[in-house]
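The structures considered in this document are given below.
You will see two complexes here that share chain A, one where it goes with chain B and one where it goes with chain C.
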Partner chain A sequence: MIDYIVSALTLVSIFAILALGLNIQWGWSGMLNLTFITFAAVGAYVSAGFDLGPPVYAHQQTYIIQLSTPFPVALLAGTLAAGIAGGIVGAIALRRLRSDYFAIVTLSIGLVIYQVVAQNRGIFGGQVGLFGIPQPFADLLPLTPQQYMYFYLAMCLVALLAVYLLVRHMFGSPFGRTMRAIRDDELAAQAFARPVFWFKLRAFVFGSLIAGFGGALLSHFVGAFNPAGWTPGETFVLYTAIFLGGTGNNLGSILGTLIFVGIISEVTRYIPPIPGNPDANEALRGVVAGLIIILVLRYRPQGILGEPRDNDAKRDSQAGTDTYLPAAPAVAQPT
Partner chain B sequence: MSAALLLEVSGLSKSFGGVEAVRDCSFTVPEGSITGLIGSNGAGKSTAVNLISGFHRPDKGSVRFDGVEMVGLSPDQIAARGMIRTFQTTREWGSLTVMENMLVAAPSRGRDSVWRSLFTPRAIARADREDRQTARGILGEIGLVGLRDHRAGELSGGQKRLLEFARIMMARPRMALLDEPLAGVNPVLAERIDHAVGYLRSSGITLLIIEHNLGFVEATCDTAIVMALGTAIATGRMEELRTNPAVLDAYLGVATVA
Partner chain C sequence: MAQYLTNNVFVDVLVGAIVVGAAAWLINRTIIEPFNRRGAKVTVLFVVTIALSLMIQNAIIVFFGGTTHSLVVPSETVSQVGPFLFTAADMIVMAVAVAIMLAVHVILRYTTFGKSQRAVADSRELASVTGINMPRVVALTWLMAGAIAGIAGAVIAFQGGTFSPLTGYTFLLVTFAAAVAGGLGRPYGAMIGAVILGLVTEVGGAYLASSYKQVIAVGILVVVLLIRPSGLFDARGRTTI
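Let's look at the complex of A and B:
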């Protein structure tokens, strides 16, 4: 049981990293990226390619890169590869400023990449994918398999904390503020001298880098990676977590992941299988995800936590008096 | 007029489909002035503002701002050169607080760069504190400082208008194009808008104001430009325009002289 919880928590912390990345794109910046998981897959595959080495049985498995670098190099390579992929896709999809156009382009690009990678065995092993991905630092640490699981969980939690602190810092920075302004009203942001396309591209690449980072942790956790691990539905798992926790709230992304990926999805595994329908439990997760998105958007669109609000009065409570018409009613009537 | 010309519009034309919204339109705005831009609905005033601010690209003509050609630049590039515009409907950043709206409106000077936020956080934080101090002063003058931690989307229509003025003050442009600043404002707030316009003027911002309320234009603007059928047909002080036959024919003659 404890092993199971450790494993589930590792998955939660990895998905929480992914959710933080998607929250930058969607929550702060309003970019409805329907293929976010593709960028996690880029990180997962490329990082594996960097430390998997040449295939043991070349007739069974074919893939590119085939390096044997240490894990930190592979992690960096996966992260950067996803960032580069984000830069290319973003440059194409964000050219037109209309957001519906953007969403459709991301979906199309994602489906194309998915089919190419899944059907072409020469890139990353096609449907077979990559397996035998080495466990990071396992050769350096004299740990039992069970101890190693704890180690990997600790590593993912540290990674999650680092990503969270980075993302929180950026959220409150002028960059994060400008992104949220662009999300609220692009034309006004342009009118106040903000080059909207470049800002969106930066936020898109930023989110993609985090996707690649999380993807690399994912493939090295599982030890294998193939197209079943990054179906388009996985992106919606992340959206469900973000909507649930609170769109735009970084802590909410983590909370939403914990609730949805860690609790709700895990619980559906224990529902007795329906005879003759082995896929029913997996399908149930999709149904629950859809229901959560619909119910949250209908009854609590800001999610559990909602977006945090700047508190200037806390910084300077003395600056509280209007010099003009101090006696005027605080709330004027809208016309 | 002895003041230098800050904005020179000449031969501006723009068609949408077969409709000529703006047709060979030329006018100038002297530095430091408050100039009204009036005309009946469909005269091309808003299109002219969109062309000047880069939101639409003219088919023909030139827009020189401080002697530099603006046609071909993007809206953000034009704004960065010191010409900020507003829209007929207020366009606040609704989920940001009033204070955050001010901070985004401030000239960026590269402060919202990702790298600087990561590698010079102290300098960024110091600049942020200075901007907040400036913003509090401006909001106090405009009458919104008590609402600075409210989300801008929660403000009333009139308060959103006031925030628009406050943001322009924060941006410190050389020129502001105000597209119907009184639209949707109730008469009680008009006095505060007057005050806000005076505040912008006193800080040396040149203003071009599109407005239907001729009483406001007469009281506020030094001169007015009259547009009809997509072109500027007359320029002058309001009391001169009232007796100009072309203006009377095109616009004022419709017996709405306030």
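Let's look at the complex of A and C:
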């Protein structure tokens, strides 16, 4: 039982890191990146490629990179690779696109990357993926498997704390405040001579770096990684956590992950399965995720915690609505 | 499901249109409209519709299972016209497509609803000022789009013979790609876009692996959005959206 809780908590802390990264893109900056998990996958695959070494079972597994560097190097490589991928995708998708087309373009690019990686065995093992990913520091530390689980949880918690402190610092920095200004009114921010595109691109890359960092921790925790681990549904898990905890609120992202990934998702595993329908429990999680998103947006758009708005004149203003327009008519653009 | 009751494809299509149209109308009424009234951002509405699709798709898996369902399709006789081979199912699909195109054309061009709909699409504020009942137009648009989607779904299941809860997802981006390629808000453009996209993905899929069909389609979507966001046939050329 205690092993189970430790493993679940490790997963929660890794997902919380990912949620913090996505919160920068969506919560602070209003960029609806529907393929965030792809950048986590880049970090997961590249970091694994950096410390997996040449394949042991060459007939089953083929992949690129094949280095045997220590884990910190692999972690750094995965993080940077995701950041570079974020830079490329962001530079394409952020050009001249309205927010909803931006979302469609991210979803599309993610789908292309997914199909190419899943269908080509030569890149990262195709559908089989990578397995036998070495446990970080395991050869340096004389630990029993159970002790190692505690060690990995501690490592993930430290990583989560570090990312949180970094993100919290950035939230109040000129960069963070500019991002939220751009989100709330892009034209106004432009009028104040803020280079909107560069700011958005930086936020996108920054979120992608965190995604790669979390992804690297994820693949080394599980020891294997394949396309089943980064379906588009995983991105919605993160969105559910962010909406639930409080869009824009960093602590809220962590809280939302704890509630949705740690509690709600785990509970749906234990609902007795419907005979003859093995997918029902997994699907139930999707139903709950969609329901949570709709209910939160309808009845409490700011989420449980809400975005801190200490300096705002209107403290009860809600993120996600156009509060600067008096009784705004529906602003949907003609399509 | 209608297949359990009857073996007639036209009944299938009709049931699909009524059920999905009614569902779309209900979704707009109960879920989307409150957000519209509150003046929610486009992005928020976008997220709501994604969450809805996540919910509906997974609810279908919970209730009907995630496996692929098969339809009993009447035995097929293949007929040949020039270099093309058709089955009876293909003919029905094409007939349905042409019928829907004509119906959309008539509705948009000759009915008051169609005219109001085009006015709302151009400018919601102006349309409201001229006395168009906007919520009603939006609700009817949901009904119409849902009914057409329902017909398309029934036809897809009939033509392919199988369907699964994931069928819709595979078609979502492809459909969007066709609409964007033809120019959003232009029904005739969307029709031509769909024909072009269908040809390109099928021919491309024959040279590459067939699993790349969808990749080709979304590739076109991205390129068109970035280079010619107003669609391939717009005389105005580059416009920013």
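In this text, the second predicted complex is superposed on the first by the 309 of 335 C-alpha atoms of A that agree within 3 Å, B and C clash if a C-alpha of one lies under 4 Å from a C-alpha of the other, contacts with A are read in each partner's own complex, and residues count from 1 in each chain.
Just so we're on the same page, a contact is a pair of C-beta atoms (placed from the backbone, for glycine too) under 8 Å apart; a residue touches a chain by one contact, two chains touch by 3 or more.
The shown structure was predicted, so the numbers you read here are calculated from the model rather than taken from an experiment.
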Check: Where does A:116 make contact in the superposed view: on chain B (first), on chain C (second), on both, or on neither?
Finding: second
Note to self: By the touch definition at the top of the document, which applies to A:206: first (chain B), second (chain C), both, or neither?
What the structure shows: first
Note to self: After the superposition on A, what does A:189 contact: first (chain B), second (chain C), both or neither?
What the structure shows: first
Next item on the list: Please indicate which partner A:169 is in contact with in the superposed arrangement: first for chain B, second for chain C, both, or neither.
Entry: first
Note to self: For A:177, using the defined touch cut-off, is the partner it touches chain B, chain C, both, or neither? Pick first, second, both or neither.
What the structure shows: first
Check: Looking at the overlay, does A:107 come into contact with chain B only (first), chain C only (second), both, or neither?
Finding: second
Next item on the list: Share the list of chain A residues that count as touching for chain B in one structure and for chain C in the other.
Entry: 320-322, 325, 328, 330-335
Next item on the list: Would you tell me which residues of chain A are touching chain C in their complex?
Entry: 30, 32, 34, 92, 95-101, 103-105, 107-109, 111-112, 115-116, 119, 233, 236, 239, 243, 274, 276-280, 282-287, 289-291, 293-294, 297-298, 301, 320-322, 325, 327-335
Checklist line | Residues on chain B engaged by chain A in the complex (per definition of touch) | finding: 53, 55, 74-77, 79-80, 84-87, 91-97, 99-101, 103-105, 107-108, 111-114, 117-118, 121, 124, 128-129, 132-133, 136, 139-149, 151, 153, 156-159, 167, 171, 184-186, 188-189, 192, 195
Checklist line | In the complex, chain A residues that touch chain B | finding: 169-170, 173-178, 180-181, 183-185, 187-196, 199, 202, 206, 248, 307, 309-313, 315-316, 319-325, 328, 330-335
Checklist line | chain C residues within the chain A interface of the complex | finding: 31, 34-48, 50-59, 61-62, 65-66, 120-125, 128, 173, 176, 184-185, 209, 211-212, 214-215, 218-219, 221-222, 225-226, 229, 240-241
